[in-house]
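First, the structure itself, so that you have it in front of you.
Chains: A, B, C, D and E, in written order; residue numbering restarts at 1 for each.
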Amino acid sequence: MSKLKNITVDKYIALAIFIMLLIIPFVSSLYSVQIFGKFITYIILALGLDILWGEAGLMNLGFAIFFGIGSYIFGISMAIQKGLPAFMSFGGITELPWFFAPLQNPASAIILSVAVPIIIALLLGYFIFKSQIKGVFYNIITLAFVALFELFIVNQQTYTGGASGINGIATGVMTLRLFGSKITIIDWYYIAFISLIFIYLFCLWLHKIRFGQIIHAIRDNEPRVQFLSYDPAVFKTVTFAISAAVAGYAGMLYVPIASFVSIDSSGVMFSTMVIIWLAVGGRGNFTGAMVGALLVNFLQNTLSGIFGGMWQIILGICLLLIVMLMPKGLIGSLVEWQYMRRVHGSEKKETKITNREAEV
Amino acid sequence: MELLVSQIINGLTNTAVLFLAASGLVIIFGLLDVVNMAHGEFIMLGAYSACVSINQFHFPFIIAVLTAAVFTGIIGAITEKFIIRRLYGRVAETLLATFALSYIFQQTIRSIFGPEDQLMALPINAALNMGNIVIPIYNLLLIVVSILILAGTMLMLTKTKFGMQIRANVQNRTMVQCLGVDSQKIDNITFTYGSMLAGIAGALIAPIKSVTPDMGLSYIVDSFLVVVLGGLNSIFGSFLGSFVISESSTVMAGYMSEITAKLLIFIIIIIIIRFKPQGLFFAKDKR
Amino acid sequence: GCTGPGKSDDGKSSLGDNIKIGVLYSTTGPFSISETPMANSAKMAIEEINANGGINGKKIEPIYMDYASDPNLAAQKAQELIMKDGVTAIVGTNSSATRLAVIPTIEQNDSLLIYNTFYEGEKPSNNVLYTNSVPSQQIEAYIPWIIKNLGKKIFFVGSDYEFPKKSIAYAKKIAEENGGEIVGEEYVPITYTDFSSVINKIKEAKPDVVFSGVAGNGAVPFYKQYSQYGLDPKQLPICAIATSEATVKGIGESAIGTYSSFDYFNTIDTPANKEFIEKYEAEFGTDTTVTNQAEGAYHGVYMLAAAIAKANSGAAADIIKAASGLKIDTPAGEIKMDETNHHAWLNSYIGKVNSNLTFDIVNKSDGLVKPIVE
Amino acid sequence: MMEVKNISVSYGAGNIVADISFSVNKDDRLFILGRNGVGKTTLLKGIMGILPIKGTLYFKEQNITKYSAARRSQKGIAYVPQGREIFPDLTVAENLEMGALYHKVDYEKKLREILEYFPILTEHMVRKGGVLSGGQQQQLAIARALMGEPDILMLDEPTEGIQPNIVTHISDILMLYHKEKHIPVIIVEQNLKFAKKLGSKFVIIQKGSIVKAGKIEELTDEISVKYLSV
Amino acid sequence: MFLELKNLTAEFNGFKAVDKINMVIEKGETRVIIGPNGAGKTTVIDMLTGKTKPADGEILLEGNNLAGKTPYEISDKYKIGRKFQGPNVFDNMTVYENLEVALSGHNKLLQTFFFRRTSTIKKRIYNILEKINLVTQKEMLPCFLSHGQRQWLEMGMILAQDPDIITLDEPAAGMTDDETYKTGEMIKEIMHDKTVIVVEHDMDFIKQIAKTVTVLNQGKILAEGTYDEISHNPEVIKVYLKTDDEGPV
């Protein structure tokens, strides 16, 4: 009983989100399934960034790179299922390039869509963190990386579809032939849904274990950690890779639902959107990331039709207000408020509010 | 050979453009620790106000540039007073808030002026012709202005009492107050100054680039790269940073595709940062 | 094709009380510069058709959607239009990236898209009616005319993506066949705004004509810098394929002397066009500029209405079949749909920017030009 | 000179410093004593104007409760914070200049005068403040505070981390300066010896309130055992 | 010979903060380093713990040269712990978590994934909390602790880290006399089987804990000996203890 009482609001909110996502296919149209399916992949992406930003304090201005890599890998795999897609033959090649050969098998494409982000993140992370690139420099380097990625994708039209993206994807809304059997969009929705639950639980676990504690310590006071036998670069790199894996996986899930892959879901602008989700929801407790991703996208979807261009201003003002009035985001502030009430209720005046506890 | 020479000269123009675009960012970033993601939008506001001055009010170009500086300066002062002031010392929050601002500015301008290009004629259409090498006078003007801004800012920071206060203020706001300095005023002036530089940049860039609500986007990434390359505490560093980036990419672009050149530059910058993580021209004598 | 959920087969083929049509253009974001006039003229066409009694007595019920210049969002909005609102067809999209993003949704739901912008003519979809030019129509007559009137040494410059690349490839072929000489070829990323290197290369190459497929962000700066570096379209003409009236407005004087080739210019001197322009300006003012794309959206809606009327069915396959060979009158004159490839036969005009920053028509194809697609 | 009346200071929630009153005059050298964490630093910050206060603060017969930190400084309150807080990226000379900037003093003359008190700084004038050692920084911080020719001087643990002879040196200088200029000095200290040597009055704070006050002679061992040991 | 500094030199932009010092510290010894502000004491500790790379010279620990190694390698492999001048703890983590992070023996990457908070571990942390007198504050954030308590927390972190060599940079700074005394006792009690290197200015404190005292001045060793020897050494008195015209403090 007392244990139940100690559960913070964010857990209940997370539960509510899961229940809502679970029943959507039963109560709603296929169109909503598609929309919310997309949102689920966004939520997973947001969780990935929360691992990096919320836990290790490493805001990444180019986080969508990994989402992009995951989705390009699976997207190309889907596109080449029925022979050479248009954008490749347009580029003048007649045969599938050797490096795309492994993608002919969707299963290996799924694995690669997680593995490649991990490898790239390990390389980039090692490079960034071993070089002692820190603080704002780190942020800007991530911005530079995503700009580079965008340029690269647009430049390599023959292999990536360039600015138009990959659109010959044979799967899409209705069915996806995978592993020989048909997977409907609803099946895929639930695959994404279950993945989301596992990733959420994984995040909670990561937060609690010693590894999580060390990265908190690094976020807090990196120079000090070194004198306690930890190499911060190693821990940061691993965190980077974990978050990249989550993002790559989300990108892979995204493909059959969106049936379309382009730089718009892996470039600078999209990366900044992911940051906005987290800022709105609040980082450091994973519910915030989920709420932020869901809320912003849902509102964008509904309000942008009603308000047109004004939507951008509304989003901007909301973001501004949140940053200034509740720097911990919606959920972070809620949790803090709940904590304050509890502390006041139990008259434990000695203990003051702590960020740490407010976040758990 | 002629191509090489022209490309080198073009590189100088691009240096000037990039430095103009980046200078305000360096001020705000280096002195206030504020990552101004709306910097591109300040440039855009400068460009629009110059267009309005010229197209609606038929001001001469010089006045239009000054108007742009005043206008963005005012917007900057207001922004600092009501938003940035509350966020000093929280780098991530400054980034998010200015992000939000960039959305707001962009869309506001779009609602007022529409999405299309604004008309902005070249104020000086003459050019120096030396065989096949053409140097537009306007480009020379850009180069001169950027050098003036560089020199003026450097002198102001290092040689004046006001500059000293600015530097002290970024290090320890509370202590500055304890010595009788109105640090909020200093912050405000610094931010305003950075915004004015952006406005000037926007006005000067307008005649040769497109003037659209989202034009700021094209400057922000490069400007940040300049800061990173030059070292964020040095305006002179960012001038050299602009020079390195523009000169090498322009010269390379003469001989390969623009994208390949750009990719190469990116990679070179990233490698440089690998070995000089604080920027090429980071002042070493620091704690 | 397979059947989409949420709508039954019979609901599709027989027309209901009203005919729902989605109008999908960006009225916000960077694309809105060209798409706002498209949305406007589509609206105008729909209102006219409804005022004249609708399609076979049934009113068109338009559903307007904005996708904020984001192809991803466009795909999503298309899904919404088809799956939620159950539209018969979608009129819309402008950039090729967006069209390609939307097509899978159209195909999977066996729906119909009316696409009204000139494009590269690559891999057309069976579920789309294309009512604006493809390279053959823009270029077939353009290049020989250029060689004859402006000179044979041509420098090609374009933005680095399909449409310009494909068009330039086509133009080069035609140029070679007609004794033209290719003195240079350069591509610039669509996001680029610095053309100093390209302009230097142009100068080095000493061409008679610059053939430009520069589109996107770079379009305006290209012209501004062209004149900044001492070049002048009046002396060294730019022959463009993506420079429309709206772009010219943003460039200003530096555009004077530029040539463009389209199926329509808003200065075409016919009574039908005058009426069209007058109506447009009366309704939407003069803030936005009518371009070939806007007029394309206008005649696209008429083409769709005519095809639905003829098919008397809401099924995409029926409408497309009915469209084949169909002729309608447009502000640019009569056009017709091809019998086999569901692209339109169009006039091809060459215009030259005059000192009022409008286009003087300097050449018109004799008769309709056939759309050639692969 | 300065009168502190029922001052409370908080960081948001509960009061850290509650209802403190005392006053100092020209010839006072007031020592504020107390264990770690009782709120001594907080009190000084409140007086300086860095933290908002409840209560009233009189200085030179004027109510300055509403003044900002900058105005209080201009009025003549100087503060040497715990941890020195010199400007690490400014040179020593610039640090000193900052101290004089908003005060009506003849900079050159004042500088010469201050450097006589702190000869060690002369060698380091062009180096950045951040590279000085702790003791050097402490001297710099005091020197900087004196540059503005203050009418009252507040120091927060000026002997923390300072070598013994410089502690002596600092106390000498403070005494000298105090005698010469007749300005009150308020010092927060842990070092009892230092307090007994230099002080004229003391207050002891416990849990944010004054529990004992008096002349420094009255600071007996009993009192210090009772209030100051753990 | 346990720990030997050979010709150790540190340079900052040409300025020799530490100039060719030689020192031998035996296992189990408690060594105090004193000297005027700016003498280079902290810099010596910095080099010992890897924060600053020596410009020249060697740091030999049982024959291995530590000079230029990274801080984490030194703390991990060579078991040297450090308390900074001015408390340096994790301000946004609770007291308990601070200690848990410092806990030794579970520092490898993989171990951090499979670490379990067993009762032995909890006990160990609890013991430390008792020693440093912070049991009731264990859930508090260090920013709500007093300066002295933070100093102690950092001592506690060293206990949790359990190194062989402990370096303490001014552990008693900013404490009341009484707290200072208690800190001295704590050092004596809990670190009796360790090698301890302490930098301090408080002579009473030094007297309380020291066996051998090394005096640094302007980057060089000025004197070395027992407390009594040092406190009567005229050179030391001149540069460090007394001003020219005054008696002892």
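Just a few scattered comments:
Definition applied: a residue touches a chain if its C-beta (ideal position, glycine included) is under 8 Å from a C-beta of that chain, and two chains touch if they have at least 3 such contacts.
The UniProt protein names, listed by chain, are A, B = Urea transport system permease protein; D, E = Urea transport system ATP-binding protein.
Note that the coordinates shown come from a computational prediction; the quantities given were computed from them, not determined experimentally.
Least step count on the touch graph, subunit C to subunit E: 2. Using the average of C-alpha coordinates as each chain's centre, C ends up farthest from subunit D. Taking the mean of the C-alpha atoms as each chain's centre, subunit B and subunit C sit 37 Å apart. Averaged C-alpha coordinates put the centre of subunit B at 47 Å from the centre of subunit E.
Subunit E has its Cα centroid 43 Å from the Cα centroid of subunit A.
Chain geometry summary: the mean Cα position of subunit C and that of subunit D are 76 Å apart.
Shared interface positions of subunit C, defined as residues touching 2 or more other chains, are 28-29, 32, 160, 189, 191. The multi-chain contact residues of subunit E, meaning those touching 2 or more other chains, do not exist; every residue touches at most one other chain. Within subunit B, the positions touching two or more other chains are listed as 107, 110, 259, 262, 285.
The touching residues of subunit E, when paired with subunit A in their complex, are 49-51, 70-72, 75-76, 81-82, 84, 88-94, 97, 100-102, 104, 106-107, 109, 111-113, 115, 136, 139-141, 144, 157, 161.
On the side of subunit C, the complex with subunit B involves touching residues 28-33, 36, 160, 186-189, 191-194, 196-198, 200-201, 203-204, 217-221, 224-225, 227-230, 246-247, 249-254, 287-288. Chain contact summary for the complex, subunit D toward subunit B: residues 48-50, 68-71, 73-74, 79, 81, 85-90, 94, 97-99, 101-103, 128, 130-131, 144, 148.
Within the complex formed with subunit D, the residues of subunit B that make contact are 161, 164-165, 167-168, 171-172, 174-183, 285-287.
Partner subunit B is touched in their complex by these residues of subunit A: 59, 127, 131-137, 139-141, 143-145, 147-148, 151-152, 154-155, 268, 272, 275-276, 279, 309-310, 312-313, 315-317, 319-320, 323-324, 327.
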